[in-house]
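Shared chain: chain A. Partners: chain B in the first complex, chain C in the second.
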Partner chain A sequence: MYKNNNNSNGSNSANGGVNENLKKMVEITIAKATAFIKEFYYPLYDTERLEVLNLYKDPSISIWNGTECQGLEKIRNLLSEIPKSSHTIETFDCQPVQSFPNILPEDIDNPNILITVTGKVLYGTVSTHNFHQTFLLVKDPSNPQSLFISYDCIRLTS
Partner chain B sequence: MSGRGGRIIKKRGGRGGGGGGRAQSNPNRNRFNVFVNRSNNNNNHVDDSYQRICISNLPSTTDRNDLMDFLKNKAYKPMLNFKGSEYKNSRFYFSVEKPEDIPSLVSLSGVRYGGVKVFIAKEDKSSFSQNRVVQNTAPRANNRKIESMKQQQFTSNKQMKLLEDHIDTNYTKSTVPELVDFSYLYTTKEIDFNDLKTIRQLFRLVSEKCKKATTISFTHNSITSLSPFKAMMTHSLDNIINFNFDSNKIANLSELDNLLDLSLRELVFTNNPITNIPNYRMEVARKFPDLQYLDGKEITAEDFPPSPIPPLRSNFCDSAERQQFAYKFLEKYFTAFDKNRSDIITAYFDNSKFSITYTQDGSSNPTRGSTKTYQRFNRNLKKQADIVKKTQLLFDGYDQIYNFFKLYPTTSHYLASSVIDTFLAPGSQYLNVVIHGHYLETVFKTKRSFDRVFILAPAQAGSEAAKNGWEAVILNEQLHVRPYVRFPRLEQQNGAIAAAPAVPDAQTQETLAQQLSIVTSLKPEFAKECLANNQWDLNTALENFKSLKEQNQIPPTCFN
Partner chain C sequence: MEPQQVAQAFTQHFYNIFDSDRRNLEQIYRPESVLSWEGKVYQGKDAIVKHLVNLPFKNIVRKIDMDFQPTLNGIMIFIVGTLAIDGEAKALKYAQTFNLVLHQGQYLLLNDFFRLALE
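== the complex of A and B ==
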């Protein structure tokens, strides 16, 4: 459905050679990812850390620099263990994650979302690092219009 | 056992280490010789009977006679006569018969000859020794520019010569081939070690002439910036592992980032302001995971105060089997990516998604090399862009994705030194692989760090991917490219799952068994068994062997 985009960087047609369905899905994905990053995850993480728990569900996993925490209880422990933080976001990106193989029609209005974020993080008062964090946001079966964190995976890269 | 190369040799007394006795002999002599020989004058003194003009910005292939005629006409001086010419240091020198003709020639400076703007000045012989080539006849902006241009060129040639002489006298004849010493050259020979050109020349000379060197000493040189030292990357100077910067003016930790491309064993910054920075030792040790000595003191656990954060661990996986699967995929993928990139196309399908983000370091030139490509396709959503652009930068399907990778620089990835997390998203069959590593751009010789996320699904039997030997197909991929920085020191994973790295191939198994057998005198078959029981990790195997031996748990029949 989203194929036939042969003029890959197409700029001749009025919409820039972009498939309308894809464009719509990108628009929705970006709006949700932006809100997640700027209004929820990082502001909460840096100020009211445990509120972040509301963004996970029980099967969720959080992987902190090679250590996995599965389930709300373990994620809560992890969140409590990490000292006060201050994140500065430098880049972020997101992609709709589609079902595979491509049999079912895509849920254009509410796709799952892959998010990657990079930036700087200060833990406590002296420990500054670069970080890279990956999130997969997936549909909440009990409330199909909302998403929750299926997993997040963070690495300090300096 | 000492590692590669000796330790930094401590400062020698006074200036002996660097200055050298011949510092004050006339460093310009060799320049004059060219000139003197041409005018058949055997004195070391310059005594050309004609004054000369100097014309810059033209290639040596320029027709001199035509150029002379052109200048005569332009200056409206039909009686003007040139008496000989010379091409030297990218400039023409024309001897002028009558000195009174020189001002009208010099006033032509800036004229176009064959479409090229040429600069003309009077040669001032007396000023050679004062580093000034041109004396202004008129305080014109152009002339000032030329002067500074020439002065730079002159200084640079002079420094090159000085450096070469220095290496020839102090290194080539030295009995310590491991050490190249450039100490005190700022004070004794005015060599500017903060200048990129100088450092470039220096490293070129070192790579040509000091092949055995492991240590370079730059003490007492008023160095404030290490950014010229990035130039080392363009020469293969991997043998240099110790740097001595004692008694310089390095003040910022960020200066050290210019050395991050190097695997260093020892650094010395004593008598630099940088050593007063709080947590200085810790910060340096963190930046250089290979570093063993700093300022003459070994780096130990004390240099890493208790961290406020939980430990950083190496590769995570939720199942050893899936980890193997992921490694196998990555191995095939990156081999193709580096060596035969068109092969990766079949690892994607119709609806695969790919995008790239990029962070730049302050010093890299945005118009140079691959930086332009990264910037052009950078989909950083933090920045404002219209939705069409954002959609275009999400490459959709194998065609678009491969078209992008055609523009990507040629690379050489170091998979073995990567950190790779492998796990299933809860409740799904999608394998998520997050890899942090670095690659070398083989053309531009630039190292980059990257973070790359793959969401993989098993390749369907009969699919294009499966036919091409891919066990998985890429659903989503996000690539982040950033300046090269070493990954922080990691603690090794413990626990059953993590301790199941790839089983080495038969040949490696044999080699390991042989090594263990030599150290322990175990019979080869028992050495092999011991290794197999310890995940083929030689050190673990050896440790367990030792403790078992101490408890007399190994029957004598196991030994040779």
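== the complex of A and C ==
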């Protein structure tokens, strides 16, 4: 999934170190995003729905097909109202969200992460939809090694 | 500028350039930009613009819906839409996400994700 384009970044040849840092961030991002999607968010969402709340914190915003919920209480209500689900992931992409203008040393091993996912979701037993979902995972200030969902937005596209 | 205006202005500006002459995208992407295009990751302005300029089509007709969300230091833009390439009748569905960061009064494009929908 990651293509090494270092030789075409002529303008960055003086900044070989910068490229190496970004490359490492991308590798770590792919590992963390894969775990988030395949081991946490969607499996929990489909089988232990209320456990998903642990992935959010109070400033989090979750948007379901245009309905915006801010804060843990509203997000808990949203999670309770959505019918039993079964997700099939078709594609996902992820990127580190680097601090700007300079990558901070602590961000290389532990960047904030943007993830976009497409797939199909079955709600209840009858209605299947195509969906597109975006997540922004950020470091928990009280526990910086841990990421939480600062923002997520799902759109049903069929 | 209000976030909604920023989102609309950027989106319009980006697609005007993309749909007319992709070489001018070098004004938008930066050394720090990262593009995910159909699953491949391109890093930095040179690699990104080279990939986009070499895509094998000329004209695009586009229809979009746009959502946006302010972030701590910028704005995220979510686009779902259709594009018809080089006069083809069938339009393809796609989704694109931009993450812009505000720096010294300017919004800079750091993260760009593009995926065609599977049919």
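Basically, the second predicted complex is superposed on the first by the 134 of 158 C-alpha atoms of A that agree within 3 Å, B and C clash if a C-alpha of one lies under 4 Å from a C-alpha of the other, contacts with A are read in each partner's own complex, and residues count from 1 in each chain.
Throughout what follows, a contact is a pair of C-beta atoms (placed from the backbone, for glycine too) under 8 Å apart; a residue touches a chain by one contact, two chains touch by 3 or more.
Note that the structure is a prediction, hence the values are computed from the model and not measured.
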- Go through the superposed model and pick first if A:S127 touches only chain B, second if only chain C, both, or neither. first
- Task: Would you mind checking which one, chain B or chain C, touches more residues on chain A?
- Result: B
- Using the superposition on chain A described above, determine whether A:T34 touches chain B (first), chain C (second), both, or neither. first
- A:S86 contacts which: chain B (first), chain C (second), both, neither? neither
- Message: According to the stated criteria, A:Y151 is in contact with first (chain B), second (chain C), both, or neither; which is it?
- Response: both
- Message: Based on the A-chain superposition described above, do chain B and chain C contact any of the same residues on chain A, and if so which?
- Response: 2-3, 5, 8-9, 15, 18-19, 22-23, 26, 61, 63, 90-91, 93-98, 100-101, 114, 116, 118, 130, 132, 134, 136, 151, 153, 155, 157
- Query: Which residues of chain C touch chain A in the complex?
  - Reply: 31-32, 34, 36, 39-47, 50, 67, 69, 71, 73, 76, 78, 80, 93, 95, 97, 99, 101, 103, 108, 110-111, 113, 115, 117-118
- Item | chain A to chain C touching residues, read off their complex | 1-3, 5, 8-12, 15, 18-19, 22-23, 26, 61, 63, 90-91, 93-98, 100-101, 114, 116, 118, 130, 132, 134, 136, 151, 153, 155, 157
- Item | Residues of chain A defined as touching chain B within the complex | 2-3, 5-6, 8-9, 15-19, 22-23, 26-27, 30, 33-34, 59-61, 63-68, 70, 78, 81-83, 89-98, 100-102, 114, 116, 118, 123-124, 126-127, 129-130, 132, 134, 136, 138, 150-151, 153, 155-158
- Task: Over in the complex, which chain B residues touch chain A? Could you list them?
- Result: 278-279, 307-316, 318, 349-351, 353, 355, 357-359, 378-382, 387-392, 394-397, 399-400, 403, 419, 421, 423, 425-428, 430, 432, 434, 436, 449, 451, 453, 455, 457, 460, 473, 475-476, 478, 480, 482, 485-488, 490, 493
